[in-house]
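Right, one structure below, let's go through it.
Chain lettering (A, B and C) follows the sequence in which the chains are written, and residue indices restart at 1 in each chain.
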Amino acid sequence: MSAALLHADTISDALTRRLFEVIASWPIYDPHSHINPHAPAARRFDEILGYHYYTELAHSAGMPAELVDPALDPRQRSRNLAGWLDRIDNTVQFSWLTEIARVFHGFDDVHAPIGPDTIDLLYDHALKESPAEANAWDDRVWTTTGLEAVFLTNDFDDPLEGWDTSRYVPCLRTDDLVLKLDRPTTSERLRNTTNLPVEDIEGLKNALGVLFDRFVSKGARACAISLPPDFQAVAPDVTRAATPIRRALHGLELRPDEARLVQQTVFWTLAQFCRDYRLPFDLMIGPRRDVYPAGVAGGRDLYDRRVSLHDYHELFNQFPDVTFPISTLAPDAAPELVSYAWIFPNVVAMGHWWYSNLPAFIATDLRAKLQAVPQTKIVGYYSDAYKLEFILPKFRMFQRVLAEVLAEDWVRGRGWSEERALGLAERIMRTNPKRLFARGE
Amino acid sequence: MSAALLHADTISDALTRRLFEVIASWPIYDPHSHINPHAPAARRFDEILGYHYYTELAHSAGMPAELVDPALDPRQRSRNLAGWLDRIDNTVQFSWLTEIARVFHGFDDVHAPIGPDTIDLLYDHALKESPAEANAWDDRVWTTTGLEAVFLTNDFDDPLEGWDTSRYVPCLRTDDLVLKLDRPTTSERLRNTTNLPVEDIEGLKNALGVLFDRFVSKGARACAISLPPDFQAVAPDVTRAATPIRRALHGLELRPDEARLVQQTVFWTLAQFCRDYRLPFDLMIGPRRDVYPAGVAGGRDLYDRRVSLHDYHELFNQFPDVTFPISTLAPDAAPELVSYAWIFPNVVAMGHWWYSNLPAFIATDLRAKLQAVPQTKIVGYYSDAYKLEFILPKFRMFQRVLAEVLAEDWVRGRGWSEERALGLAERIMRTNPKRLFARGE
Amino acid sequence: MSAALLHADTISDALTRRLFEVIASWPIYDPHSHINPHAPAARRFDEILGYHYYTELAHSAGMPAELVDPALDPRQRSRNLAGWLDRIDNTVQFSWLTEIARVFHGFDDVHAPIGPDTIDLLYDHALKESPAEANAWDDRVWTTTGLEAVFLTNDFDDPLEGWDTSRYVPCLRTDDLVLKLDRPTTSERLRNTTNLPVEDIEGLKNALGVLFDRFVSKGARACAISLPPDFQAVAPDVTRAATPIRRALHGLELRPDEARLVQQTVFWTLAQFCRDYRLPFDLMIGPRRDVYPAGVAGGRDLYDRRVSLHDYHELFNQFPDVTFPISTLAPDAAPELVSYAWIFPNVVAMGHWWYSNLPAFIATDLRAKLQAVPQTKIVGYYSDAYKLEFILPKFRMFQRVLAEVLAEDWVRGRGWSEERALGLAERIMRTNPKRLFARGE
């Protein structure tokens, strides 16, 4: 399995190729993913094909959602999906799939593409049935990928036990706390995991304190949240918030203005905890959830592009000691993040997220970041992966654009030495994420 | 007349040129235009120069609007405009003009540009006075362009008679019905063309049914509308709409909220007819009409860039069986369409429209579409032309960008064969528009 | 000092290099800056390093604001900042700094970068202590840069005396009048500089008349203002505005709607004076002031990207005889300016401003302008500089992108001769700004 060279053969420019090969040889430090640390790599090819990119793209191309119903037999589900892949084989997401098949399963797609005729072969190769096989496979994918560490997305009531947290780094995901506090399941989970009553704003703060204690003691490196495009990160009137929060914690209905105040108050409180526990607060700004309810799982969210970081300036001002690594969902909002990271010391430009994660958008955005954001404040990339196998092709995709940009603009365009350009690359790929998420240690 | 090679001599990269030459050799299937089927090609060069791009750009460059007054003698109008062309000869729109002169009129602009000194020569060459001459010219332009079919934009009361509808494909344009129902002329036209009273919402539905029957029986392939940037495509309260619709149909004044409700109700009703008649519903989103009232005809509309497809999600959800080919006017809104076409099965990314129809914008947008939208859901291009002559240079402009993108990113960058890349090109240029507008036949 | 060749050695394409060398040989006509005509070039290197780009980027990279406190000894301030430059040496702004050091101070940064070890050497070289030395240095920088004229930004109460206004061209900056009329200092300054009472709207108009008389008689070429993203340029109800304006002029508090009306009224009145005095009205649209109050001087402003030129259409319509050179701050708003300049005769696309002034954004924006805006209505670039030394590296940065775009798209892509491409370049770099700001003379 020769993974470091993935892409190298299709880079015709010698300088770009040299830069790419060096960058691709570095261990990967991946500061955001959805990996399950109990089953990091796929046990069945269905878990690869089940990545929402493939189900949603195939569904968008006409595949009935029933064909990938979670209740189906996994092999059948894979066969079903395989029949629709020819409609999406132009996409960059499909290229990750073929690269996984090539690198991890020795699959030669040149003569026979991934599809109905080949899916069983691939399925058989990817099957890891026994725990021993699965563990060996996790190690193999980890090693082939050259992973150093990968950050997780942990529910607030995750016990965080049973894995090596220096490899699989816990992160506290707080969407439910901020956006769904008024759902009985949320307060119930909060009470269960903290063994605290959590009846009011004070109880909520106590419970959050327990969570932060637990997460930090288990090696958590970030608090994270995704926020809708109209969220206003303003300092809440805490006195006014007391009653709505009490109502929310008891599952009582809230008026829209109360619901907004509850969200803002919990969010602001989390920022205070991030400050006190020296945790970066990842803000992933933009998604509208369930815009397309009839979509497949994971493929129902979109965004409203009318969004601005100006709605966050009060937060950035009030918490100068909290680092805010920021991802924006709307591709056309990317230039604004460049400007905010250029001005605010605590705003970090973080990766290329989801609908923005296309080479077409990355090329200009990365150039702009490297042209105007201090090099200490750019986190080049994260995988956002659900299964380990995806980390490699996604990082290679980014690293290739990075090599092209550095070759063209910095080495050729600005006369930098290759060493200096590689120093800049190392900074954004490794030094920065390791330092920014080190909690000041 | 060698049209297929237009552009080929200025493509220096051999691979790009090979791809371009193949793509340019295919018959053109043009799914949106404003061609007049009774006089498709220009009878006078004034009809070429009268394209709003030239009059509005020249006017923007300082030409008084009176110089292109419709009441002037056509030759004089052309002479007047010719005196201002040197101010706009940098534009891509001007390049279409020289290409038309070259390809269709044997005009060599290298030694003498189109301008005051040459306009009479060109005018004389382009003059087609007799019906026989005109018909022969229509055929010649059609053949030289390699046209297979071109879609029209027909008023709802167009009798749709007198031409070959397999070549000139009718499309029902519905702006007046949705946005101007309260103008007496609209209801008057509706009554005249349907011979129905059209007094209330039921009468309106009956009349629309007559229109859909007529259009579909005449081979219509799409319903189309352009919508302002603040239009909200939400399900109307039809009960509440009854009175305002009655008032609108009788030319009575409407409050703003009533006017909005009328628009939403007619729009929603059209979507229902599109579903029932299996017609795609082209949405052309963004224009603000008459922003510059002192402009020349066709050159008065602009847009407000604060627009989002999120305002249409209820429509996409409620009409899963209707195909919505979508064009966005604001260039910076293009990435959002990529995302929505990637998720919603019934959203199709359609061409590059008007203010977005510049190679500078097409390059990134096309890359993004090809990287993230299922290949079955991209309609590469349409001409939006008013005269047949424009179809060729506009398509060549796009095809050239397409060849560049495929050469650079798919063949070189991803290692695809040229055949496979051309397969993708054929899909978006021919297969998709022919299938998507086939009404499921 | 060989400045014309700055950048030429890093342009590998021969055609681009030839175009660049010609463009770079032309005298620079710079239609917007913040140069102090009494001390145009830097007397100390601290004035170079003190440009807000360096202090704000270093501050964003972690430097405490105290290290560049204006009260510090200038040499110490430079030493302090020098220690943080390695964190921002990737930025294009840093490249201007090294270019200044190279071109104007013979500083060889290849073997020793600008930093703690070299700052004293550079500081000593740049020190101009006596008035004679300073004057000679102004001349030398002027000559090396090949400057023909540079526009200033003058407060409305600037006496405009003591310099050659054909070289340093006065421009009336009106932010304070429009946005801060209700501050006692503003009305006070207005009374002092006009010797008029200025008690009401009529008094205000009289005072503005005095200012316009003075500025025009001193050779002013433009009126300029920067406006926040939510400013609405609509015709005010002048009758309703009378009382709020009187209150503002007496320092009384205004309700938000009154404050807005006062701003709109003063703005509209300025547009009338621009019409009457035939002065272009530079609109610089977008900044939100003091978004980051703890930032360094000049580094506290950002923007809200939700902005549209549609909010200005009434202005453009009402003042057809006023030229509006427009700069947009949000990079993603650039395409809208292309469209508005393409339609409105009085809208001119002006340069690349502040957060938009990065090659990554300029490349696409410049292509779009050159593809769709009449060539007579594009003002290629302005420096926005505070010290003369910055004009050269900033113009070279732009000229390089211009040469690349012309080589690739116009000479190679469209088959233009180099002469013709250079004609287009000369138009946007020299002919247009000289003509558009000539007040119709």
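Criterion: a contact is a pair of C-beta atoms (placed from the backbone, for glycine too) under 8 Å apart; a residue touches a chain by one contact, two chains touch by 3 or more.
By chain, with names taken from UniProt: A, B, C = Amidohydrolase 2.
In this text the structure is predicted, and so the values were computed from the model without any measurement.
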Subunit B (Amidohydrolase 2) against subunit A (Amidohydrolase 2), contact positions shared by both copies (same if over half, else different): different
Angle (degrees, nearest 5) of the CA superposition of subunit A (Amidohydrolase 2) onto subunit C (Amidohydrolase 2): 120
Intercentroid distance (Cα basis), subunit B (Amidohydrolase 2) paired with subunit A (Amidohydrolase 2), Å: 39
Set of subunit B (Amidohydrolase 2) residues in contact with two or more other chains: 306, 332, 364
Residues of subunit A (Amidohydrolase 2) defined as touching subunit B (Amidohydrolase 2) within the complex: 9-10, 12, 56-62, 87-93, 95, 288, 291-295, 299-300, 302-306, 330-332, 355-356, 358-361, 364
Residue ranges of subunit B (Amidohydrolase 2) in contact with subunit A (Amidohydrolase 2) within the complex: 306, 308-310, 313, 316-317, 320, 332-333, 335-336, 338-345, 364, 367-368, 370-377, 409-410, 412-415, 424
